[in-house]
Each structure stands twice: as C-alpha cells, then as structure tokens.
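Here it is, the structure in full.
Order of writing sets the labels: A, B, C and D. Residues in every chain begin at 1.
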Amino acid sequence: MDSVANIILYFIVAIAMVTFSVLTVTSRKILRSATYLLFVLLSTAVFYFQLGYQFLGAVQIAVYAGGIMVLFVFSILLTRHPDEKTALLTHHKRMLGITLSVVSLVVLLFALFNMPLLHGASLTEMIKAGNEITMAEIGTALVGTEKFQYLLPFEAVSVLLLACIIGGVVVARKR
Amino acid sequence: MGITLPILILAIPFTMFLVLGIGGVKMPRKVAGVIGILANASLLAICYTVAFRYFFSGDTQFIVDGVRQQLQVFDVTWLAFTERLVVKIGFLLDPICAMMLIVISTISFMVHLYSWGYMEHEPGFQRYYAFLALFTFSMLGLVVATNIFQMYIFWELVGVSSFLLIGFFYKLPSAVSASKKAFIVTRFADLGMLLGILVLTFYFPTFNFIDITHNTGNVLASTGGATFLGASVLTWALVLIFTGGMGKSAMMPLHIWLPDAMEGPTPVSALIHAATMVVAGVYLVARMFPLYLVEEASMQFITWVGAITAFYAAVVACCQIDIKRILAFSTISQIAFMMVSLGVARPDIHEGLGYMASMFHLFTHAMFKALLFLGAGALIHAVHSNNYTAMGGLRKYMPITHWTFLIGCLAIAGIWPFSGFFSKDEMLSAMFSYSPFWGYWMTMVAGLTAFYMFRMYFLVFWWEENPHYKEHKPHDAPWQMSVPLLILAAVSCVAGFIPFGHFVTWNGEPYDIHINAQVAATSLTVAVIAIAFAGWLYLKKNDKPSLMRQALPALWTAAHRRFYWDEIYLFVTRKIIFGGICKGIAWFDRHVIDATMDAFASMTQFVSVKIKGMQSGSVQTYVVWYFLGALVLAAITWICIL
Amino acid sequence: MTMDLSMLWYLVPSVIMFTAGVFGFITRRNMIAMLISLELILNSADLNFVIFNRFLFPGQMEGMIFTLFAIAIAAAETAVAIAIIINIYRSLGNTDINSAKEMRH
Amino acid sequence: MMIGLACCSNSNMKAIRGVMVAGSTVLLAMSIWLVVDFLGLRAAGDASEMLYTGSWMWYAPLNIHLAVGVDGISVLMLLLSSIIVFAGTFASWKIDPLPKNFFLWFCLLSTGVFGFFISIDMFTMFMFYEVALIPMYLLIGVWGTGRKEYSAMKLTLMLMGGSAFLMLGLLGIYWHGTPEGGLHTWNILEISHNASIDPSWQNLLFCFTFVGFGVLGAMFPFHTWSPDGHACAPTAVSMLHAGVLMKLGGYGCFRIAIFLLPAAAQELAWIFIILTGISVVYGAFSACVQTDLKYINAYSSVSHCGMVLFAILMLNQTAMTGGILQMLSHGLMTALFFALIGMIYGRTHTRDIREMGGMMQIMPYLGVCYMIAGFASLGLPGLSGFVAEMTIFFGSFEHSDFFHRFFVIAGTSSIVITAVYILRVVGKVILGPVQNEHHRELTDASWWERLATVSLIVCLAGIGFFPNWLNETIRASFVPIIDALNSVF
C-alpha cells in the first residue's frame, strides 16, 4: 500500500509527462517544444527520485535538463528565429503519423495490460525489499572490475565523450 | 619404283609456292620467272619420267600379264579419325593418274612459259607464279591421291588456288566477286562431296580407293540394303560425291561460277578452267568408277546431268559475245560430254569403251582447249578486249595465232585428223552402243560445238576488220606466248593417233581403238554442215546474223543471258538467304534474344528503381517501415498466441 | 481495490511518451525537432530500464547503471548531432530534413 | 607468377613491355617444355589419368584442396593459352592509358585461365574461373571502345549468371558425389571413381553445369554477351577471351558435366545438341549480315564454339577429339582474327566493312594474314580448322539415327555459310578497290605486330600440316571419359 502522497505525486508527474510529451511533438514553435521537452525530462527525473534512484535523477537533471537542453536551445537559436513557426504538416503525413502512433500505442498498451507479470508488487514493497542504493555502491560499481562492475564501459563512455567533444568541434568549426 | 620422284612431284611445286609466296615480294620479276620456269621444267621432266616408266617399262610392278596395275608408291598416316578411318597422304600410280601427270605438267609448263610473256608487266607477277605453283601442287596431289579423303583435301586446295587466281586482279570488284562466287559454289558442291564421303565411310569405313574399288561387292553388302527417301544409301553417297564433281566440273546447275571465272588472267583460264581443275569431276568419277558401276541409278544420274549440261552449254555458247565466255561454255559442254561418256560406260559394252573414250577426250580436250584459251589470250593481249565485236579480220595481223586457233577449232569440232575427232568418235560410239537416243543427242551437241566454235573463229579472224586497227595495229605475241601455242597445236594434230586404249582402260586391260565408220561419218557430216553453216553466216560481214536474232528475240536473249541461271542464283542468295534468312536471324538475335537478355537487366533495374524509395536515406521513412514491421510482428505474435 | 503503484502505472506514461516521440520523429521536418523527438524515445527507454530494475530486480542496479550510460551516450550523441545540424544549416541555409539529400556538398 | 612481375614494374612503358615479353616468353617456353615432358612421360608408359598431380589442403572443413594435375587435353590448352598470351602481349604493344594496370589485369586473367586448366579440384577450378572472369569487366570497361560500359556489364552479368548455375551444379555434385558416409570431396577424379551420383540428381546437375559452362561457351541462346563484349574489348582481351576464355566453357563441359555425370549426359545430350546445333548454324547466318568486323568475328566464334560443344555432346571419342582440336584451332584462329582486326582498326579507326576496301593494296602484310585467318576459319586443308571440323564430322556421323544425322548435316552446312561470310569480308575489306582515299597513307604492320601474327599463323599451319600427334594425345586423354560414359550402359 503506497502512501497517498506518493500516488498523488505520481499522478501529477504522469499527467505532466504525458501532456508535455504530446505538446513537445505537436507544438509548431520549436523553442517551445524544446521547453516542453525540458518539462518531460524533469518529470522523468521526478520519477527516478520516486523510484528511489536519487543519483540517477540528479544526473538526469544535470546532464539532460541542464546540458542537453542548453545545446538544444543554442542550436535552435543559431538555426532559426525564435518565433518562427514550422510549416504545417501535409495532411497525409500527419495522418500517417497519427495512425501509426495510435495503433502502436494501442498495441503496446494492449500488450501491457495483458501481461500478468506487470501487476502485483507495489513500489513501496519494492523499495523496501531492495536496499537503497548508496553513492558508495555506485562509485564502487563504476570503477570496479568484478562482476556487475563497470570500469570498462565507464572508460569507454569517457573515451566516447572525448571523441564527441573533438568530433563536435571538428564538425561544427567554420571552414 | 622409288619414292624419290613421286615425292619430288609434290615437293617441287609446294616449295616453289613457299619460296615465291614468302620471298617473292623482294625478288625481281626476272628471277621469279626463271625460278618458276625452271622448277616447272624439272617437274615436267619428272612427271614424264614417272609416267613413261609406268607405261613403257613393262616392270611387273606396273603391268602383269598385260593388265596395268594400281600401285601405292607411298602412303603415310596423316590423321587417324578412328582405328579404321585413317587419313593417309600417299601416291597412287595407275593409268589415269599417269595420264593426268602428263596433262598437268605439260599444260602447267606451257602456261608458265606463256605467262612469262603474258603477265610480265602485271604487278604481282611473283605472286602469280606462287599461286600457279600452289595450284600445280594441289592438282598433282589430287590426281595422285590414294584415298578419297586425300582427294578431298586437295580438292579444297585446288578450289582455293582457283579462288586466288581468279581474284588475281583483286582491285577489280568483278574479279573479286567472280572469285568469291567460284569458291562458294564449289564449296557448296564440296559439302555434297563431304556428306557423300561421310555416308560412304560410315558403312564401309575406309578411305582407300583400292579398298573401295576392289571390294565393291563388300561395299554394297555393308550398307545392308539401307535406303533413304526411296534410294539406296549407296546411291545417295555416290550421287553426293558426284555433286562435288559437279561443282568442280561446272555441271548444271552448279556451272554458274565457271563463266565468271574468266575474270582471271587468261593463262589461268587455260590451265585451271579448261584443262585440269575442271576435269577433276570427271577424274573423280573415273577414280571411283567400279563403285559407280554397282549403282545403276548413280550412273543414270551422271548421264542425265552430263547430257543436259552439254546441250545447255552448247546453246548458250552460240549466243555469247565475250570469246572467253564462249570458250568457258564450250569447256562446260565438253566436260559434260566426258561425263555422259562415263555415264554410259559399261564393262559389257565394248569392254568399257565409254570410260576409255572419256579419258581420251579428257586428254585431247586438255590440249586443244588450252591451246584455244592461250590463243584467246593472245587475241586479248593484242586488242585489249574480251569481246569479238572488237575483233574481226585478224588473220592477216596475227598469222601464228590464226593458224593455231584454227587447229584448235578443228580439233574441238571433231574434224579428221585432228585429235578431237578420235576421242569424240570413241565417245559417240560408246553412247550409240548404250542407247541411240544419247548417241543422237550428243551428236547434235557435237554439231552445235562445231557451229559455235566456227562462229567465233569466223567472227574473230574473218568478218570485217575492226576500224581500230588503224590506230593500234595488232600483232602476234612474243615468243614466250607463241611457242606454247605451236607446241599445243602440234599436239592437237597428232594426239589422236595415240593408241590410247593401250594405256588407259577402266580395268587396266588393253583395248584396241577402232573407228566406228558409221558413227564417224555421221559426226563428221554433222560437223562439216555446222561449220559450213557458220561460214555461211559469219564469213563476211552481212546482216544474216542480226536477222536471225530478230527472228527469235526471246530465245536469243535467253541464251545470251545463259537462261537466267545467274539471276535465279542471285535471287536465291541475295533475296532469300541473305535478305531473308540472314537478315532475319540477325534481327531475331538483336531484337529477340538480345532483347530478352536486356529485358532481364532492365527488369531488375526497374524493380530496383521501384524499391529504391525504401532506401531513400530518409530516416523518417525508415521509422515508418520499422514500425509497420513491428506491428506486423506483433500481429503475428498475437495470432500465434491466440 | 487498493491503489498500488505497480509497475504498470509507470510503464503507461513511458509508453505514451514513446509513441509521442515516434509521432514526432515521423512527422517533423525540422531536424532539431526530430532530435527532440528522439530524446523523448530515448528517455522513455531509460525510464523503462529503471522501472524494470526497480520492480523486477530490486536488489541489483544494472538497469540504473545502464541508464546512466545511456544518458551519457545520449548527451554525446546530441552534441554530435547538433554539430552536424549546425553544419548542414551553414551549407544549406535551413535544417529541413528533406533538403539534406546528398552527403556531399 | 606473372602478377609479381608486373607489380614490380614501374609505370615506365619500356619496363612494362620488357617484363611482359620476358614473362610471356618464359611462360611459352614452360608450356612447350611441359608438353614435351608430358609426351615423354606418356611415351615412357605412364598411363595414369593425370600427370604431375599434387594436392594441398586449403580449407579443411569443406575438404577443399588446391589439387592440380594435367592430362593431354589440359596440357594442350595450357600451350594454347600461353601462345595467345604471348601473341596478345605483342598485339597490345601500344595500349594507351594505364599500361601497367592493363597488363596487371591481363595477367590476372591469364592466371585464372591457367589455374582453371590445371585444377582438378572443382572448387579451385571454380575459383580460378571467377578469377578469369572478373578482370574482363575492367579490361573492357576501361580500355574498351564503343559502348564499353554496357558491354562490359552485359558480359559480366551474363557470365556471372552462368557461374551461379555452375555453382549450384558443383555444390550438388559435391554433396552427392560421395557414397553414404564418405567424406565429401571436390576432387574430380575421386568423384568420378565413386560414380555414386543418383541418376535423377545427375539430370538436374547436368543441366546446371552444362548451362553454366555453356554460357561461357556462347551456347545459343546465351551467346549475346559475346558479340557486344568482343566488339568493345581491346585487342588483346578479345584475343584472350575468344581464344582461351570461351574454351573454359567447353573444357568445363566435358571435364565436369560429362565426366562426372555420364548417365545424365547420355540421357540429356539431345537437348543441348539441339541448342548447340542451332548455335552453329545461327551464328554463321548472323555473321553473314553484320557490318562490324568484330561482330562478324564474334558471331563466327559463336558458330565455332557451338561446334565445340556440339562435338563434345556427341559423346564419342572421335567427335570429342575433334571438339578439342576445334578449341585449339578456333583459339588460335580467332586470336589471329582479333589481333588483325585490332591492328586494322588501330589504323583506319573504323571497323565498318562498308567504309573499308582494298586493304591489300595499303597493308599487304595484314591483308595476307587476314586471308590466312579466313581460310583457317572456313576450313582450308593445311590449316587447323579443317582438321578439327573433319574430325568432328566423322566422329558425329558415327551416330546413325535421324536426329543426330540431321544436326550433323546442318553442322556441315555451316562450312559453306562460313565460306560465305569470310569471303564477303575478304572481298569487301581486303580485296577490291580502295574505298577511302585517306587510307592510302596508312602503314603496314610493325615488327611486333608481325611477331604476334606470325606466331599464331605458324601454329595454325603446324596443326594443319601435322595434326596426328595432337590427335593421338587428345584421343588418349579421352579414354577415362569414354569409359565413364560406357560404364553407364
């Protein structure tokens, strides 16, 4: 049995998430959709918190909502006027998009609701059942080489990020 | 008999061909001429030695109890098709071969000598001698063949040397097309011969002449009575082989190449298209004579082809303007005479008189026809035209040519005591003994022969003088050309008295020639009447010939145009084979076969263009497809779960 | 029935976010907008990782670590993508997906 | 070996020529030595099917070996190839752009050919076959003339299509060629000894392999790559392709299709006899109306190669021997033809026979050579074509049923048609008056061209004059195949 506050929080966040997702992809002003995306990302972060992954939530806010969004905004401002509207979609394309998304949504939801595994245990039990994940654990996991420890991917990602930095500079630099 | 001389007979002309052909370009004409003449003189000596030794030495190799033997001097393997079908190259010496050796070497020598004068100023004289040497080699190889395949090999080679010599003036389109025609027509005939050989050897697997002709019964038995389209296979084989002979000997309907072949230099016409190569067909039949005897039908075929050709060619010869063409048709007619004579020869009719007579005529005809051609060459040399319309009244200007030509004409007309009389008389009596119909028929042809020969003779040497002579006075030819004329004229005068039956008969046993008085009288009378008629028409310029022409315009035109054989052939080859079949196939190839292949390609391309949209590089489209795929998978899963 | 915050609850918004992302990705012509939609899809996937980790394997943290890496990679990917988009914008003058048909310019 | 030579050379023309001449001469010498040695071994009484055998494991899981060995036929084919490579080197003395690359591909092509002829492992055989095919695309596409891209593509695609069939056939033979439980093998000799392929499978596989090789042998209706390909290819490539590569088809047909699948060969030969019989006559008729010298020759190749396959399908020793002789003869002759056409084209810049004439007056040497090639093609005694054709006809005539007779007679009639088209060209191009006055300034052959043509003519005449040793060598090599065929009944 979850606490009511938790449930209310859930609903607020879920509704915000759904609304802003839809708004993100339907808004004709690109800067706005970026802003809506920010809200989606934030609400996701809230979910992470709620699910007990504080570090992850923090990363989500810092990297995604902080870093990536800035990139987006910059690029949007660099490539078009802020109030410029995207052209209206051609009818058949929009219809195609809507149909496809709705159909897949239906199919996915149908599948979700028919999956018995997904009901059952509640969040609180789960958080209680599993230990809270501490920063120390995460830290050890990231730099260890044992089973369930991720030094190699960690290094790979760092190299990847470095490559991205260089790549981004090379690609975007003025000729 | 040693093998040195026979090998030399083949080796000398071949070496000469190589020497003159490869080194000829850098050789001065004089040197080439001397080499050619000397080589031919030695060839002549060797051939005479061999032939005389064969006929007169009385060696038991050559003659046993008065019967002349066939002797394979050597026979080496050339190519083994199967264990039994082995092609050999060898040297078969027998009466007809020895006779042909004499004929070929004599005429070849005369022609070489004559050409020295006639061709001296032509470019490519060395090449000309090289080709002549190649021809001599091939012809000798043909007559000495021990087996039918060797004969076929050399048969092809004489064809090609004939092609080369007819096309000697290769800058002239007419010469080129004449050579082409000659080669293709004879090649077509050779196809028949090849098929004949294939059929024959399928049943009786040997090529060797002696094996075939001495075992005719076995050959017949080996076919096992098989028939095809109503005729026995042996008949088919023999008729097909004879087709080869028809092509080479210019029998109807394969005669069309010979008149055109006159585009070649005149001495070549004398050598190849009068004396030697064109009688190859006769020689072939004579070679296989015992086998032909077995199949009555094939003999009938030969007789009929010969008789029709003889008459046809004689009629056409009456209406030609070009003197070489007249001689060409006369050659056709005379060879057809020999064919008929062979066709009516039977062992039980005067011991195969027709065979002997045919060979006799072959011999005499070679001499006097070569004479006539060389004489015609001298005429052409003098007036620079082939047509009698450019001639007339030449007897005063060219006495030697005139007298020798007259001798030739008398010989071919069959006037005693010239050689043609004797041989023709023997042939006619053979025909009369076989069937009076053929006798009278061929007598009529003989009369026509006398008529057209003297028509030409009178038109060329009498009639009226051509006005051009004032500007350009004709004169007799240089000695190199006159000497052969005189020699051949002399031969034509005396050759008839050779007791030919002692030398050449179908089975090697001697036979005494005796003039059949009745036949001789008939043919002589006919010939004299024909000559008189010709003289009445053509001795002096008058309008009787043109009146006659106007009386029968259609006949004259038809005969002049050789009864439209060339046109028929042209139609068949140009329109049907070339225009129809070849063009059709080429069209089919381009537009059906190739188009099908191209269609495969363009279909592939079409499809790829159509589905190219899926690979547009547009990520959005990919996503759409991806999701559609995912949905389909989901649907499938769902169905499966249900 | 008791109001349990079960797995399903969390998955539904995630699914909706995902389909919204798909919709945006398919329909938008602006490359940045497409990138934004892509972020939505990615985000929903991240969220799913976390949800599954929490509800099915609460004692472990593979899902979380994976999401952690995913976020890092998403950041890298976005940076490069944006660099490319800006570059395209420089050479073409717009960021329309349909105008970038050829690889070389 | 020659690749190495060519690779070493820099792009200096002289050096490349030097390397090529040295290489091809060495190759020629080695081939002649091989033939002599082979004949010596045979004479010494070595009667095994293949000599100089060797086998190296290449890829064990599929039991692929690099197995080599030669019999009389392959020895002669090697000799033929090296002669043509030799002549081709001289014929492409002045190849224009990128001479090094040209010769490099040329060498790769010849490597494929040589490899093919010495392999007795089906897989390596196939591999070399492909190695020989691929360079064709580049050689035609880069150094060709006219619609070269189209032709190169067409040629490659059609031959690749053939290879696809072939691969199916070979795989089939591989899987079925061993008795139950045995180790699958690619080795031709082992498969033939096992003789375990089920007849119904044989029929299918025979069709696959025969069609596969038949495409390369220009069998009707898969011949259309040949005219276009030959017309556009550079001289040496035409020579090598028509002279040797098309022979791969015929060689494969008897070495694999007939040798390994004798029952099917007996049963299905009639289908292919019809097709090849059509090829023979059809090619000849088509050649009669073409106006491009190379097209004429390409169609004539279709006709002659049709004759090769036709002879092989007769399934008796004489005809098959004739088929091989025809391969040799056609290889030399057609190489000579293409060399000459290339030389004429190089001077006149046209191959249209309507625009040429009287070449004999302008370039007598080339004219004479062309006539000799023509005579060889139409089967003049004393040159190789005659020997080959006669052997084929006499061999084919051993079948006495109406069906075979009909096609043999049709085949023989092709010699007349051949005469027609050859003489047509000779009459128009070589003889006759000069058509184009500009042509009068052209020069006759240079020394390297003379060397190329003389080497081929000598071989043609050599076969034509002394055919019997070839005949005996080939005949003896057919014994195992004939045995295989006879064992079926």
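Going forward, contacts are C-beta pairs under 8 Å (C-beta built on N, C-alpha and C of every residue); 3 or more make two chains touch, one makes a residue touch a chain.
Just so it is clear, the model here is predicted, and its values are computed rather than measured.
Chemist: Of every pair of chains, which is linked by the largest number of C-beta contacts?
Modeler: More C-beta pairs are in contact between A-C than between any other chains.
Chemist: When the centre of a chain is set as the mean of its C-alpha atoms, what distance in Å lies between chain A and chain D?
Modeler: That gives a centre separation of 68 Å.
Chemist: For chain B and chain C, what's the span in angstrom between their mean Cα positions?
Modeler: About 95 Å separates the centre of chain B from that of chain C.
Chemist: Which integer distance in Å separates the CA centroid of chain B from that of chain D?
Modeler: 37
Chemist: Measuring centre to centre with CA averages, how many angstrom lie between chain A and chain B?
Modeler: Spacing between the chain centres: roughly 101 Å.
Chemist: Got the chain A residues that touch at least 2 other chains?
Modeler: 96, 100, 104
Chemist: Mark out which residues of chain C touch at least two other chains, giving numbers and ranges.
Modeler: Within chain C, the residues that touch at least two other chains are 22, 26-27.
Chemist: Can you name every chain pair that touches?
Modeler: Those chain pairs which touch are A-B, A-C, B-C, B-D.
Chemist: Spell out the residues on chain A that touch chain C in their complex, using ranges where they run on.
Modeler: These residues of chain A touch chain C: 1-2, 4, 6-7, 10, 13-14, 17-18, 21-22, 24-26, 30, 33-34, 37, 40-41, 44, 47-48, 51-53, 55-56, 59-60, 63-64, 67-68, 71-72, 74-76, 78-80, 86-87, 89, 93-94, 96-98, 100-102, 104-105, 108-109, 112-113, 118-124, 126-127, 129-131, 133, 137-138, 141-142, 148, 150, 153-154, 157, 160-161, 163-165, 167-169, 171-172, 174.
Chemist: Going by the contact rule set out above, which residues of chain D touch chain B in the complex?
Modeler: My answer: residues 153-154, 157-158, 220-221, 223-225, 282, 285-286, 288-290, 317-318, 358, 360-361, 364, 375, 378-382, 386-387, 390-391, 393-395, 397-398, 400, 408-409, 412-413, 415-416, 419-420, 423-424, 427, 430-433, 467-468, 471-472, 475.
Chemist: For chain A, which residues are in contact with chain B within the complex?
Modeler: 96, 100, 103-104, 107, 111
Chemist: State the interface residues of chain C toward chain A in the complex, per the touch definition above.
Modeler: Residue list for chain C touching chain A: 2-13, 15-24, 26-30, 32-33, 35-37, 39-40, 43, 46-47, 50-51, 54-55, 58-62, 64-65, 67-69, 71-80, 82-87, 89-90, 94-95.
Chemist: In their complex, what parts of chain C are in touch with chain B?
Modeler: 22, 25-27, 34, 97-98, 101
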